[in-house]
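In order of appearance the chains are A, B, C and D, and numbering begins at 1 in each one.
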Amino acid sequence: GSTEKTAAKESNKKRVALVLPEKIGVNPFFQQMDEGAKKAAKEFGYDLKTIESTDQAAIEENLRAAVAEKYDLIITSSFESEDALKKVAGENPDQKFAVIDTTVDLPNVRSVTFREQEAAYLLGAAAGLSTKTNKVGMVVAMDIPLLKKWTVGFQEGLKATNPKAEFLVNYVGSFTDPAKAKELALLQASKGADFIAGASAVGDLGVFEAAKEKNFYTAGQDVDRTEVDPAHVVLSQLKGTDAAAYETMKAFHDGTFKAGVVAYGLKEDGVGLTYVTKESKTPLNAFVGQPVVDKVKALKEDIVSGKVKVTDPLAK
Amino acid sequence: MKRGNEHIQAILQPLAAVLLGLLVGAAAMKLVDAPVLDTYIQLWNGAFGNLYFVSSTMARATPILLIALGVGFAFRAGVFNLGGEGQMVLGAVAAALTALYLPGNGMGKVLLAAVAGFTVGGGWSVFAGWMESRFKVQLIISTLLLNYIAVLFASYLVSKPFQDKTGSAALAQTKMLDPASRIPKLFTGMTVHGGFIVAIVLAILLFVLLRYSKTGYEVNMLGKNASFAEYGGVNRPKLLLLTMFVSGGLAGLAGSFEVLGSQYRFVDNALTVPGYAWTGVMAALLANSNPLGTVAASILLSALQTGAMGVERNTEVPLEIASVIQAVLILFISAKVSFSFIKSKKEGKSNGTSV
Amino acid sequence: MEHLFDVSLLNATLRMVSPILLAALGGMLCARIGLFNVGLEGLILVGAFSAIVGNYYTHNLILAVLFAAGASVLFALLFGVMTIQFQANEVVVGVAINFLALGLTTFLLRTIFHVKGAYYDKNMAGLPKWDLPLISKIPVLGPIVSGHSPLVYLSFAAAIVLYIFLYRTVLGFRLLAVGYNKTAARSLGLPVRRLQYVAISLSGMLCGIAGAQLSLGQVTMFTEGMTSGRGFIALVATMLGQSHPLGVLASSFLFGLTDAISTRLQSFSVPTQLTAMLPYVLTIAAMFFLRGRGAEDDKANQQSSR
Amino acid sequence: MAYKLEMRNMTKLYGSFAANRQVSFSLRSGEVHAVIGENGAGKTTLMRMLYGMEQPTAGEIVLDGKVVSFQNPADAIRHGIGMVHQHFMLFPQLTAAENIVIGHEPAKGGFLQRQEAVQAVENLSKQYRIPVRATAKIAGCSMGEQQRTEILKVLYQGADIIILDEPTAVLTPLEVGELLQTIRFLASQGKSIIIITHKLHEVMEAADRVTVLRGGEVTGSMAVADTDAKALAALMVGRDLKEMGSRPAQEGQPFLQVQDLSVQGKGGKPLLDCVSFTVKTGEIVGIAGVSGNGQSELLQAVSGLMPSDGGTVLLQGKDVTKLSVRARREAGLAHIPEDRYQWGAAKDAAVEENALMGYHQQTAYSRRWFVKQSAFQPVLQQWIRQFSIKTSSVKEKAAHLSGGNLQKLIVARELGHGTPFLIAAEPTRGVDIGAMEVIHEALIQKRNEGGAVLLVSSELTEILALSDRILVMYEGRIAGELNREKATEEKLSMLMAGGTLHEARE
């Protein structure tokens, strides 16, 4: 392929493979990671090959192929890749790996993890402080353990700032169904929720549409989504997967690449909330308002300092 | 004279089909400015380029083949079992739980786990067969519906009571099987495992069974005219249930082997996302339910998938184009392979509840 | 305890049911001429995508819907040519068409809109919502029935129109005959293939409209694989409805309603995997009441032409 | 005189097999022309070419002096040719009127006018004196009615030439009489009619001319007035027919005992109502009746294909009422079914597969789990010789056998079991006279060897020729019993129509 040819020409160039566990598409998360890696590759003059996998079995195969093709660094991501990476990295101790968003405890693997629950806590807190109806909703892609990081954190934040608030959760049952997500948001709105957070991957677009239609407020995930519709999408929970990919390659470039776990939370600025941890191009919506932002900022400091503990729903 | 012609056609036509399919694929690639020859080379290499890729192709063919054998067997008996997915998933869960929680160890346990997978997959399938023979609930719909129930139930099991809490606990999956309760790989460092051999042996067994055995004869007659079979003394409900048990059992085995030989645990969605079940249905139908033909069809379909991964890794051709080429090839092959079977298929599909 | 039903839930159900109903009616037409179409999912997806493309280029909703219908008709004809002309197995072709639709729409999403995953433009106009003048005043019923996109009303009208088409018109009558007994139809000199193509094209059209309702009616966007299995549900509705327009209407509703209930049950402390089973369990239960229908066709299949 | 239609030197090859070879055939206006010949002689094939369903390999068709060629049935219909097929081409789900008008429906703005269709059919029915119930679903119609629907359909399409392929094979004697009258009437109205039949008395009764086919070639064509049944038979089979063999009277043991057997129907009316009778070894018991009076149910209940709702069935004193089909077969029962395509064969399976049914479980033809083809093939070859079953190979699909040849295969298979008891339902339906003779002889031989035979036939001549005792069924019950000596066609007809023996004696 084209990569081999360029590799042959400039053999001094370092080569990095980004093996994604699924296709770039419905999950903005992987797109972002790809962008971060691309940025680093450009900056450090690396050859980057992004390999998308079609299913679970393909992950292992792609990892093995990447090892066989002697990439200098292989980055992969997510829980789905854990088993495959354990196998492949275990069998190839001289190959350097990095994994984003989960932990693999091997001497040649650098793990980057996120404490999304902390950001979710802030979002929940902001919701609790902003709601007028004392009803807050969340439309979640699926009822799976992973997504508890979002729901549980959110609920804790909500209860902390507004114990009276009722929390509505509905599950779409799919990552690719904006139509159903929209209906669920409409349903929650009809029950009186005035803030409904999206956590349904591409379904969030459906939630945003519902918000526009029924005039409630909503929030997005991973990147700053407020620009989609500033009048209704008033917040966004952030997750710096691009930074994670970028930092990993930077560490590799700087020679500080080490095995072990790097955890990104509020403290490390790896996760966050628009207006609270990061400014946004769109002006703050009056539904939230500066006083709320200030209160949430204080909460953020409490979490960073350890005064407030957010439950990790996946911890035993 | 007529027969000789047919034989030559049976070989030439799929070849012509593949060629035509490749040509159309090439046209599609030209449209997006992709390097045609290089893409095809990568497609081939990804599937058969070296021993490792051959082994991956075989590994992927294993569940497809087992499901296809099951679908084909039921099809021979005149019923359309579209429930491969559910049967596979339940079989996989059963095998995983058996291997995890049954005391003892070693090959004996692996065998028991596989048997459990077969039995549960078969049992789930028999349920549809029973509704068909006892209450005339059309099997083709009930199996389709039972898929959803089975997949949801398995998902429930591994996200609630049997979830693996030892690792990050972020996924709905069971615990990892310990190395003693796994099906060994055929070659170290390669993905293909003992299940592939078993699947091939089962294909040969089924071929012999259908071609030469008494039961095979009865199954064939049941499929070609159920009333005739009944009139001839075949116990229709019993044979239908047996067929469905074997059919679903093979799907259950497909799931079990994935758990015991590839993934070493049951992971929610890991068996449904790759679409093994529908690929299996295609393999069976492409081969006109002939078990040996099914082996070839399964390897072909698997190769198209592993080959597409090779294209993804080594070219800049977008992944979607690979799936378009796959679909085009399948369309052409389906047209031609069945061309030599026109008569038998056209008239043969109308029995039982196959719509 | 909360109410299981309320106005907004039923209102949503009507909307959710309409693409399934349209596609199921399409599936019904295929079933009527003896083809089992598992490619419905792909046909809807093509329709959903084409509707957005049509809207993007023409800024005209009517043209967009027509474009969606046309694109799906082309795909349906591909299905027809493969199964009728080339005698390929219909299930194989159906599955391949699902593949093709998913790959092509994803690919074109990238080439036309330069995005991955989803195309969303908040300035793109979706289908209008119609407030039915008199009906919207009726308490309870009004808010449920009123305020949907024209395609929702079209989907229900389609069931009735198809009923009239099949059972009252000459063309429909002949289509039915072809489905009942192809040998006999051929012996009468009926243009069997042409009639089959008519049915297949109509089914493509219905699926295309189903897709348009999904991407321009329910939401205004296209996302990869946004059909999320609706085509298979439609297939079940086709069969459960005994391939009869009104039966298909009823079974689509049964499915929509049970799906709505299962959504509502999410707020109780039952694992959602278990509540999500409800529509499928109830559909199987419904089949017990319809059992044994269509078994009489068995005999005709053994007919000989000599 | 100019012919209405001429077929010249028609040849039809299937692979290398010639179904028709240089067949010439002519038809005058207003005549009834019978085509006769053995099973597989090529009668149906010739007609299918005329009707555009098959393309001739060679030869030409001249209609009203012009050479024509038909690509499909629509072409033929357009040229005024209509065909009533040996196996009806009807839509059971539709009504008689719908079946008749389809293809040329009365319509207004694309909408089907069902009322007008019914009216048109009723008018046509009066005009040609062919009664049908226009609004009845075909599924619920008797064979006779279905046949009349077919004929009306052809007339509705405006046919001048009407082809009837073995129209009488499935009719009751009464219906046959009516049909022949209808045919004569149609001819008198100027229609030209081609009728294929195996029954020579029908030829003598209704036809003006007759053409005889053997092995795909014409062996004779003449005016009916110039020939007789015996001569025709000789032309057909290429030899003289034998007289039926002797049948010594014998006293046997009861083999089949049926006691109060009942089967409930869907609508509450019993299909079988407390039927009791006995068949002894060494006798043939015939069951006569208009079809649909419970004969099918009786056979299915005796053979185990249909569960009974009351009563018992004993085979050789053993109660088999609750036993499976297979267990009953093993208890000594063989069964020639009435509908060869529904029960008797799998038309998509090979001849050898169809032949094997039932034998595959026998120790002589199987070893453990496997079928022993080496033992079975010689048996099959023997049947093919004995019954002169015409098939290109044992691997040929049963669907490609002519109807009569398939019937012979089924008869051979069931007789081959050598069971003491045989159910023979319509054993010679659609079978040529040569083969009929073979089958009849086989049945009598079975009886003479001490076998028990239960014969069901809608063919009164067959019943009278073979049976030692005759039971008549009417509305699910046995309406009467007659001895061989006392039975006459009149008495039987009376009982079949619901009369009593008392009336019959008068």
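Rule of thumb we're sticking to: contacts are C-beta pairs under 8 Å (C-beta built on N, C-alpha and C of every residue); 3 or more make two chains touch, one makes a residue touch a chain.
To keep track of the chains, here are their UniProt names: B, C = ABC transporter permease; D = ABC transporter ATP-binding protein.
As the structure is a prediction and not an experimental result, all values here were calculated from the model.
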What chains do subunit C (ABC transporter permease) and subunit D have as common neighbours?
-> B
Chain centres computed over CA atoms; the one at greatest distance from subunit C (ABC transporter permease) is chain D
Approximately how many whole Å separate the CA-defined centres of subunit B (ABC transporter permease) and subunit C (ABC transporter permease)?
-> 28
Counting in whole Å, what is the centre-to-centre distance of subunit A and subunit C (ABC transporter permease), each centre being its mean C-alpha position?
-> 35
Could you state the distance in Å from the CA-based centre of subunit B (ABC transporter permease) to that of subunit D?
-> 45
Whole-Å distance, subunit A centre to subunit D centre, using C-alpha means?
-> 75
For subunit C (ABC transporter permease), residues that touch 2 or more chains besides their own | 106, 271, 273, 276, 302
Which positions in subunit D touch two or more other chains at once?
-> 342, 347, 399
Find every residue in subunit B (ABC transporter permease) that makes contact with two or more other chains and list them.
-> 159, 225, 227
Touching chain combinations (by label order) | A-B, A-C, B-C, B-D, C-D
Subunit B (ABC transporter permease) contacts subunit A in the complex at 38, 42, 52, 56, 59-60, 159, 163, 165, 167-172, 176, 189, 191, 262-265, 267-268, 270, 273-274, 305-306, 308-310, 312-316, 319
How about subunit B (ABC transporter permease): which of its residues touch subunit D in the complex?
-> 1-2, 212-215, 217-218, 220-221, 224-225, 227-235, 343-344, 347-348
Within their complex, state which residues of subunit D touch subunit C (ABC transporter permease).
-> 44, 48, 51-53, 72-78, 83, 85-87, 89-94, 98, 102-103, 105, 107, 110-112, 139, 341-342, 347, 399, 402-403
Subunit C (ABC transporter permease) contacts subunit A in the complex at 6-9, 12, 15-16, 106, 116-118, 120, 122, 214, 218-221, 223-226, 228-229, 263, 266-267, 271-273, 276
What part of subunit A is in contact with subunit B (ABC transporter permease) in the complex they form?
-> 1-4, 23, 49, 51-58, 60-62, 64-66, 68-69, 79-80, 82-83, 91, 102-103, 143-146, 149, 314-316
